[in-house]
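Since the structure comes first, as structure tokens, the remarks are kept for the end.
Chain IDs A, B, C and D follow the sequence of writing; residue 1 opens each chain.
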Amino acid sequence: MTTLNVAVLGATGAVGQRFVQLLDGHPWFKVTALTGSKRTVGGTYGEGCRWVLPTEMPEWARYLPVVETKAGLDAAIVFSALPTEQAKEVEPEFARAGQHVFSNASPHRMWADVPLLIPEVNAAHTRLVPVQREKRGWGGSIVTNCNCTATGFTVSLKPLLDTFGVRRVFAVSLQAASGAGYPGVPSLDLIDNVIPYIGGEESKLHAEPRKMLGILDGEKIELAALTISAHTNRVAVIDGHLVCASVELETAASPEEVVAAMESFRASDIVRDLPSSPAKVIEVRAESDRPQPRRDRNAGNGMTTVVGRVRADEIFHVKYAVTSHNTIKGAAGGSIHNAELLVAEGLV
Amino acid sequence: MTTLNVAVLGATGAVGQRFVQLLDGHPWFKVTALTGSKRTVGGTYGEGCRWVLPTEMPEWARYLPVVETKAGLDAAIVFSALPTEQAKEVEPEFARAGQHVFSNASPHRMWADVPLLIPEVNAAHTRLVPVQREKRGWGGSIVTNCNCTATGFTVSLKPLLDTFGVRRVFAVSLQAASGAGYPGVPSLDLIDNVIPYIGGEESKLHAEPRKMLGILDGEKIELAALTISAHTNRVAVIDGHLVCASVELETAASPEEVVAAMESFRASDIVRDLPSSPAKVIEVRAESDRPQPRRDRNAGNGMTTVVGRVRADEIFHVKYAVTSHNTIKGAAGGSIHNAELLVAEGLV
Amino acid sequence: MTTLNVAVLGATGAVGQRFVQLLDGHPWFKVTALTGSKRTVGGTYGEGCRWVLPTEMPEWARYLPVVETKAGLDAAIVFSALPTEQAKEVEPEFARAGQHVFSNASPHRMWADVPLLIPEVNAAHTRLVPVQREKRGWGGSIVTNCNCTATGFTVSLKPLLDTFGVRRVFAVSLQAASGAGYPGVPSLDLIDNVIPYIGGEESKLHAEPRKMLGILDGEKIELAALTISAHTNRVAVIDGHLVCASVELETAASPEEVVAAMESFRASDIVRDLPSSPAKVIEVRAESDRPQPRRDRNAGNGMTTVVGRVRADEIFHVKYAVTSHNTIKGAAGGSIHNAELLVAEGLV
Amino acid sequence: MTTLNVAVLGATGAVGQRFVQLLDGHPWFKVTALTGSKRTVGGTYGEGCRWVLPTEMPEWARYLPVVETKAGLDAAIVFSALPTEQAKEVEPEFARAGQHVFSNASPHRMWADVPLLIPEVNAAHTRLVPVQREKRGWGGSIVTNCNCTATGFTVSLKPLLDTFGVRRVFAVSLQAASGAGYPGVPSLDLIDNVIPYIGGEESKLHAEPRKMLGILDGEKIELAALTISAHTNRVAVIDGHLVCASVELETAASPEEVVAAMESFRASDIVRDLPSSPAKVIEVRAESDRPQPRRDRNAGNGMTTVVGRVRADEIFHVKYAVTSHNTIKGAAGGSIHNAELLVAEGLV
């Protein structure tokens, strides 16, 4: 396979940096353009980016010029870590100009013809891409990944939906600070504290899983017929979102049956062979006190969803805790994974 | 009112220290005895106690001798901060010897004739005290307070139960480190992390609120007919437990009606005049990001339950977050409050 | 004493909020004006201020209008919590207009005729106030308090200087997040981390103590002839700065003699009677592991300097750790204390 | 090179786990025995070890039996993560029995004939090994690594000593929780707090660098003629110790010259080729706010010492901050590195 040129939009922010970090040494993709805000355009990435990740900025990135965020970059694939408002405006321009946008931003997630994609969950939704291109007359396309808290949570629901059906779910999140970007949450708000509110987050948790778990019927996704009620909280954790979930199934199942469904869950063949696919989609831990964000977020290089404490629920059928790395699986890593899938399917 | 002599059992531990702190300057109670483990007996409290609270150890406590934990102390009232196993064994001995035990320990909480008491919630249950004394032939009695996470949560349910009825509740806790005592949770487990498990905690959250919200029918408490499903988590917070609750009511109610019920909730007259009673039983905050453990735990000197984010639930009727100080209202302060109630009622 | 009207400039920020909190119920001062940025002017303080302190906003403050920061407010005393640039510009205008400015900002601290004041350390420097007024033709005056890290550190040096003389000091700070204001330090920088740098802080620690420990000779302060070398670090603490200091004395002294000098240190009579003066200026703790920011910052309502671990130094004479509350003694509380002193001396 | 069998003593503790983690896939060493306390002997390592590291326990370790800590194991090399008292007693027994002990424990560090070794600093001290064996009549030997805080600090001093000479050093540490092992420091002591004391630590920081920086003269190490004064603090960090150092040189040097000396510092040829040797012994960062424990501890896989903020000192000549990974370079990784050196030199 020849290497594809890719660009990262909004490359100097926290998620943009994750894209740069994860694309370092990628077997299929070569970063040829990094875009940034006015303040940084004109200088190099090394000059303009206040790198906050614990590994070093890759050498090749240090000397790349930061360019303006506008369509026409030398890249077939464009990863977007843009802020909401800017994403809303410019992502369609890139798609119109023939570029394939893989976006971490929220504005286009719920568009009927835009796949909201987790390869292990709804690879079939990529069939929306030609629909989207034709309908909109675009040379390129937009594919989005979901909200970072919805990611692992939705992965954990998929085998339950497939095996038993899912009716209703209570979900309470304990979310890491990195989910708010940098500078994000002030330390005066998180040291010795919890913030029981994250703006706009709960409605995403109510809606996005239903789309991803929905079925593509012709050119339209039939939303999954399940109801979610979420409470979202910010806690003093760097990376790794934890969700406590109580699930009502269509068909009653024991905790052991639920564990078996999760452990036997496999991605499709085409997904399994993608460079970013982890060995295990879901890892179910047997210890009573796992998953924990710090100890489990890096499972499968941050791409595995870790579940634990699967037990009977006093009201619904089953309850458990699930952790997923919010800036890898839940953001940059997820977008790259999505791009890999479209490349493998010949859609890019 | 003349001052009553009181003792603190297990006074050198974290909860024991809170008793000493909160009893400093108490208008009704004078501490005359402090008990400790073998290691500390014989020395003074100042010598034997590794004081971990941010205020100073009271001067009078510093020079009190630490004595053995056995019945016969010069005190009508005995506050117990003993560990579970020891509480199980010695609290009945104190009661038999004519002392009124107010216990923070769990072993006797679910005994049919022992009040599990929060003055604002179930003051009527104190009528079990004479039943208990007669049945067991004790000169004294045992009254317990509930699990620290159940405290604020149960207070918040009381006006809902009274006004609308409560059927089912999902409750997810984010609990402070002090709930595990000292040394308690290693910092290697809590820095940049969440522990999604607290041994024995969930079953207490399922059972204890039902007893406290139950109705005393003659000599027996009819458990409240509601079902609770809990997930409990430990987070990097010093003091203050937060619970995210989703509630199914008997009679549907809007968030506004729920707020009104909480805000108009009053303790009975006799309770309102107790020294430890806060001005407000429940404070409902209007800000979108409250309650927060660090900013709300000291409301009403740590005795007020703070509720916020009252909103419609997608599955049940209403959801909200509730915070309560786990070592004041949820432990030592709660026990002292209970003792005050029994004194006011002439039961001590 | 009749009550004096006071204003707080920059009242909506973190230090401004401390002023409002500490002035609540002050026996001498009544807040009559609160100023804020353009965004907040016109509304009430309750509307414009995102209150971040753990106690409640005082009721009287909630309904005060936020006004523009310009001279001519109805207040004899003006407390300034303004940002550096604005303080530089407007504080002299207030002084010119006849108002007595007590400032927490840095721009005028090193002006030769402006007292940089800690009442217990250099009350005599208030004699600069009439000098300043005459020289500048001002009806009012400017008095500043020092950098929050310099505060407790300078207090701890004062008895050593008086008793033994001080030549050279190494000082390494571990500073709380609140020192950077709100929003201040991102939690992504402080969770599981230390930032070994605080912009502009070390030069203040080198210079300010020399001025405060200097002697007023006629109309000029003779800087204390001591050299300080500082390293400043930000750590995951909410309030309370800790400084590790190694001190070379003029005359050798044992740790016991140093402790005795610190413990016997008293403020002057006029200072001792001020409302904000703590019972002890310096508290020396005997435990091996104190002072600690969380456990000692509130000593003397946040106005006492707490010292511990006084021991022989391998290079200089003595070393110790010192903690002081950075937003009380080191900011708003210190400014109020300064104003009290000038009122008591009849200079306001 | 054939693979050597190695054992880990005290393998279930925090440092023992690091040994197991770092020996996974080691090109020269194969773990054949793991020892533990009575509680764990007889079961497998997977059963007896409460694994606290964020990577998974290696599969091969999971099924190894935990055996008693006594000489005679099938291993030429023995890594010791034993607690002080046990190390004191049993390490000499292993050495007597012909095994080469590489110890992380403190009791034998200051023995005149025991190398206290950091390969990049004092590889020449390995010549003590044959001296030790002959003098004591041992078939094996003991080689120790130094205190985890002394490690990076001593590495940073080495090029200064070689190039300019070093007379006196002030050193203030901000140490990670993992330095105290597991369970170690209670979270109630570290959240929103600093503990300005670590038992026994300062005397190690005063003595150990002098031995490591000393010169082997025949069979005796001449201690380096420098004086160190240390303050040690525990902060809310998982891994990575930070030291703020102010250094008096023999020959004055500018910060630029100091940086040049550090950057040009190389290990000897034999050391450079060891499997655990990092590409850079010392990395000097140019940013004003580095090194930071979380962002720099993993430099060179946790084996590189990271220095920053090199600047002129107001009292001595130069000051800087230095970070090193305390459980890799400063503990298990350091011991493995030492063993590699002795193997390469043919001393094992």
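Note that a contact is a pair of C-beta atoms (placed from the backbone, for glycine too) under 8 Å apart; a residue touches a chain by one contact, two chains touch by 3 or more.
All of these numbers come straight from a predicted model, not from anything done at the bench.
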Interchain contact steps from chain B to chain C (minimum; 1 if touching): 1
Copies chain D and chain A - interface residue numbers shared by over half, same or different: same
Gap in Å, rounded to a whole number, between the CA centres of chain C and chain A: 47
Whole-Å gap between the CA centroids of chain C and chain D: 42
Chain D, residues touching no fewer than two other chains: 52, 189, 191-192, 236-238, 294-295
Interfacial residue positions of chain B with respect to chain D in the complex: 14, 52, 177-178, 182-192, 236-238
Contact footprint of chain D on chain C as seen in their complex: 168, 170, 172, 174, 189, 191-197, 199, 206, 227-231, 233, 235-238, 242, 244, 246, 288-295, 308-309, 313-316, 319, 321
Complex contact set, residues of chain A against chain D: 52-56, 191-192, 238, 294-299
